[in-house]
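Here chain A shows up in two complexes: once beside chain B, once beside chain C.
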Partner chain A sequence: MFTPDSRFRLNEAEIAAKTMDGEAIMINLSNGIYYSIVEAGELVWRLLIEGRTVEQIAREVVRRYDVMTTQAEEDIQTLLAQLVEERLVLASDHSAPVSGAVSADVERSLYARPQLNIYRDMGDLLALDPPMPSLPEIPWKEKSGSQPSE
Partner chain B sequence: MTTLPVATTAEQRFGVFRAAFEQAKRALPKAHRQTHYEFAGLPVRLSVVGSKLAERVEIPFAHLRMADPPPLHPTLTIELWDGSEAQAPVPAGLNEPADGGKWMVDGGLLSSSKGGRFISYWRGHSLMWLDRDTDRIIGWIESADQLTLYERTKPLPAVLAQWYRDRRVQIVHAGLVAKYGKGALIAGPNGAGKSTLTLACLCAGFESLGDDHVGLEMTGDGTFVGHSLYNTTRLELQQVRLFPQLVPGTVRDHHEPNEKELIMLAKVFPERLRRSIATDVLVMPRRPQSSTQPASKAEALLRVAPSSLVMAMGPGQRGLDTLARLVDRVPAYWLNWDRDPHEMAQRVGDLLAMPT
Partner chain C sequence: MGLPRRRVLFWAQSFWPEIGGVEVLGTQTLLALRQRGFEFAVVASHGEADLPDLMTYDGIPIHRLPFLQALSGRDITVFLQARDDVARIKREFKPQLIHVNFTDPTILFHLQTADVCPAPLLASICVALPEQGGGADTLLGAVLRRASWVTAVSGAILNDARRLAPEIVGRSSVLHNSVTPPALTPAPLPFNSPRLLCVGRIVRDKGFDLAVTAFASIASRFPNARLVIAGDGPARQGLERLATDLGIAKRVEFLGWVAPKEVPALMNTSTFVVMPSRWREAFGLVALEAALMARPVIATRTGGLPEVVDHLHTGLIVEREDTEALAQAISLLLSSPELAWRMGRAGRKRALQLFSWDRFVDAHDALYQRLIKEGSHVHA
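Moving on, here comes the complex of A and B:
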C-alpha cells in the first residue's frame, strides 16, 4: 500500500517512454518487454512521472472520470504496484510539491479500470534470432575540429 | 616484426593497435586491399589485410561501393587484418580502453574510455576499436573462417553502429523499399513478415535498401531519410523456395550447420539496390486478416519502436523520441497478410502511388 504522499519517477536508466494520441508507450531497453496504457491509466502514468503524489493523482482521476474516490484510489494502488514491480517507476524522494496550473472543470468521461498492457514477445524473439547488440548510450563531447580520418 | 610500444592510456593503446595493423600490412602487402564506399552519404575507406577477410567483409557493402577515383578525405577509415593469414596476432592487453565503462553485449565485451572517445568491442575471435575523434575503426579478426554467419551479414558490430549513431543515423529494425521515388519503411517484430515482404517487393521490381536493418536520419526540414546499410540477408530454406530468383545470390562457403542461407542481393539485383530514400509511408505487416487499414500513431510507434530500440542498437529515449517524430510525420498502415507475398508487394506499391 502506497501512502497518499508517495511520489515516483520514471526509471530512466532502463525505460524509454512516450505518449502518442493519448496512449502511453514504455519500453524496457534491457529486457525488451514493452507496455502500453490508455485513458485513465495514461492520466495516472503522466501525473506520476510529473511527480504528483498518489493523493493528487486520485483527485485528478476523480475530477476527470466518472468514478468514486474509493474505487479510483484502489485502482491506482493496483496500477502503482504493477508499475513498481515492472520497474517502470521508482520511488522518488523529491519532497518539494510540484506546482502546476489547476485545469478548468471538465466534463467527466466514462471510466474504465486502468489496464497496463504488457508485451513479452520480444524476449522470445530475441532468443530465436540473435539481434544486433543493444548499445548503451555512451556520451562524448563534441569533436574539437572536423579533421579528416587519414 | 618490430616490438610494439607499451601503452597505458586509451590513446596509447589505440596507437599500438594501429601500429599492429601497419605491421600486418607490411607483412602481407600482396593481400592488402583498399576499397571505398558511401555510408549514409559519407565517404568511407575500407582497408583490409587478408584476401579471404577482404572478400567476406566487402560483400555486405558491395552496393555502397564508390567508383574511382577514391575520396581524398574519407569521413571514416576502417582498417582490419586477418591475424591467421598475416601471422600477426592481436597485441596483448588491448581488449579494452581500461578506464571507462564496460557492458556485456551479445556475448562480447563493450568498453569505452573515460570521456567516451574510444569504444572497443572484444568477442574472443575479434577485437574492434573506434576512435570517435579521428573517425577510425581498427579491427583484428583471428581468422576469416571464424566470422559467424551473422557477422558476415552485418560486419563490424557495435563500433559501426556507434559511428552511425554519432552521426544521428539511427539503426532501426525494419525493411525499406522504394518505388515512384518514394520510400516505404516496413516495420514489425521478427515473425511479422518484414523480410518476406521486403524481398517480395524487390522481386516485384521495387528498389530495396534492406530487409532487416536500415539507418534512419532526420534532416533539418523534418524529413526522414532511410539509408541502406547492408545488401546481405539470411533466409531460411522455406523462404528461399518462395523467392527462387534469389538463389544465384547464395554465398555457399559458410561453415555453420545452420538452416539459414546467406544471400548477397547485390549479386542478383544490383540495379535495384538503392542507397538512400526519403521515407513517405510506414507499412506494418501482420497476420492473419486480409486488408490494408490506416494505423494510429500510437499503434505505429508500438510496432516499430520496441525491436528497433532493443534489437538494433537503439539509443534509448533519444531513439524513441526520433521514432515518435517519424510516426508523427509519416502515415502508417497495417498490411494484413495475404497468402501471396507478391500480392502484398502490389499493395505496398499502391500505398506509394498515393499522392502525399
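Moving on, here comes the complex of A and C:
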C-alpha cells in the first residue's frame, strides 16, 4: 500500500520509456521485455514520471475520467504495485514535490481500469526463426520483374 | 467494370528478394490471389541486406521497416518511428484484412497500430512455437487471442498453438503449405551413380552433419554414391572438415546456393532427398518439392515433416539425431531401386492431391473472402 504522498521516478538505468499519442511504451533494456499502457493508465504513468504524488494522480484521474475516487485510488494502487514489481519505476524520496495545476478543465471521459500490457516473450520470439541467408550470401539475382520504387 | 478489389496487407518478417519458405511461397501466393480480385501491399522487416524502404514485386508494393533493428537493439526511438510508419501505410492502403505470417515478434507493430484502420487479423503460424508461452503477458498470447482466425502450416504446429491457447480451437485450422507445380517431368531415379541430396541453409539445426556421418558409415558399400549438399551457411566449413575427417571428402559435393527456380531440376538429378533436421520444421517445403519430382524422402520425426513424408509409403521417417537409423534408411533405398521408385511415384501422387497449389490458393481465397465479409460487419 502506497501512501498518498508517495512519489516515484523512472528506473532510468534499466528502462527506456516514451509517451506519444495517448500511449506510453516502456522497454526493459536489460531483458528486452516490452510494456505499453493507454488511456487512464497512460495518464497515471505520465504524472508518475513527472513526480506527482499518488494523491495528486488520483485527483487528476477522477477529474478527467468518469470514475469514483475510491475506485480510482484502488486501481492506481494496483497499477503502482505492478509498475514497481516490474522495476519500471522506483520509489523517489529526493526530488522536490511537483505542484501546480496538471491541466486545464477537461470533459470527463469514459473510464476503463488501467491495464499494463506486458510482452515477456520478445526474446523467445526473436529466436524462433533464425534469419535466413542475407542477400550478399546469395550468388544469383532473380529477374522476376521488379525494381526499387525509390 | 470489374468488382472492387479487396485490400489485404500481407505481413512477413522477410520477403522477396530474400529467400526462405515464406519468402518464396509469398510471392507466388500473392500473384495467384491477385488474379482472384485481391490487392496487396506487403510489410516486411529490413534484413542485413541494404534494400530500399519501398520496392515493388510485379506491381505489389513491398514496404521495409526497421522492425528487427528496433526490437533487437531495444531502441525506443526507432521503435516509435517504425510504428508511425506502419500507421501511415495502413492509413494510405486502408486494408480490409491483415494477413500476418507469424514467424517472429514484428507483429507487435501491427498490434500497436490495430486501431488506426481496424480490420480482421489472419495469423498464419509458419514456425514451430515455444513449448511454453501464450499467457496474458506474452505477445504470442496477444496474437492468438486477437486473431480473427489462426492457420498453421501443419497439424503439428496447429497442435502447438492450440496447446498454448485452447480458446482458438473454434477459430483455427491447418492450411498445409504448397508450391507451384514445376513444369519439369520427373526423371528416372539414377542408381548407377546414386545422388543423395540435402537442400537448405547449412546450419547445425538442419542436421546435414548427421547425413554426412550416416553416409560415411555406409559409403564403402555403395562406392558410386555421392552426397550432394545444396546451400550455404555458417556451418559449411565444419561440414567440409567432417567429410574430410571421415574420409569421404571426394564423395560429398557442395554446390553452394541454388536458385529456388532451379531446385526442381536439381531434384531431378537426385536419387532421393535427405532431411535430417534437428529443429521442429514447421512444414518442410523441401520434402514437398522432392515429392513433386517423384523423389522419395528420408526425414526426421520432427514438426510437420511426418505429415509431408508418409512413412513407408512416400519415404522413410527416422528419429532425430539417430545416425544409425539414418544410415539404415539410406542403405535401404540405395539397395532397393524398385522400392525407391514406388515411394517416389506415391509421393508425387500424394503431393498433387493433398498439397496441390489450387487447393492452397482456393483455401486462402475462401478464408480471405469470409474474414473480409465478417470484418465489414464488425468494423463498419
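Criterion: the second predicted complex is superposed on the first by the 118 of 150 C-alpha atoms of A that agree within 3 Å, B and C clash if a C-alpha of one lies under 4 Å from a C-alpha of the other, contacts with A are read in each partner's own complex, and residues count from 1 in each chain.
The rule is short, and it goes like this: a residue touches a chain if its C-beta (ideal position, glycine included) is under 8 Å from a C-beta of that chain, and two chains touch if they have at least 3 such contacts.
Remember, it's a predicted structure, so these values are computed and weren't measured experimentally.
Trainee: Just to be sure I read the superposition right, which of the two partners does A:G51 touch: chain B = first, chain C = second, or both, or neither?
Mentor: In the superposition, A:G51 contacts neither chain B nor chain C.
Trainee: Go through the superposed model and pick first if A:E12 touches only chain B, second if only chain C, both, or neither.
Mentor: Once the two structures are laid over each other on A, A:E12 reaches chain B alone.
Trainee: Just chain B (first), just chain C (second), both, or neither: which does A:G32 touch?
Mentor: both
Trainee: Just chain B (first), just chain C (second), both, or neither: which does A:R120 touch?
Mentor: second
Trainee: Take the contacts of chain A with chain B and those with chain C, and give the residues found in both.
Mentor: Touching chain B and chain C on chain A: residues 16-18, 20, 23, 25, 27, 29, 32, 34, 36, 119, 121-122, 125-126, 128-141, 144, 147-150.
Trainee: So in the complex, the part of chain A that touches chain B is made up of which residues?
Mentor: 12, 16-18, 20-23, 25, 27, 29, 32, 34, 36, 119, 121-122, 125-126, 128-141, 143-144, 147-150
Trainee: Any idea which chain A residues touch chain C in the complex?
Mentor: Going by the criterion above, the answer is residues 16-18, 20, 23, 25, 27, 29, 32, 34, 36, 117-122, 124-126, 128-142, 144-150.
Trainee: Which chain C residues qualify as touching chain A in the complex?
Mentor: 13-14, 16-20, 23, 27, 47-49, 51-58, 61, 68, 71-72, 74, 76-77, 79-80, 103-105, 108, 112, 126-130, 133, 137-140, 142, 201, 203, 205, 232-233, 256-257, 259, 261
Trainee: Could you pull out which chain B residues touch chain A in their complex?
Mentor: Checking each residue of chain B against chain A gives 45, 72-77, 101, 103, 105-106, 108, 110, 112, 115-117, 119, 121, 132-136, 150, 154, 157-158, 161-162, 165-166, 171, 173, 189-191, 213, 296-298, 301-302, 305-307, 309-321, 324, 327-328.
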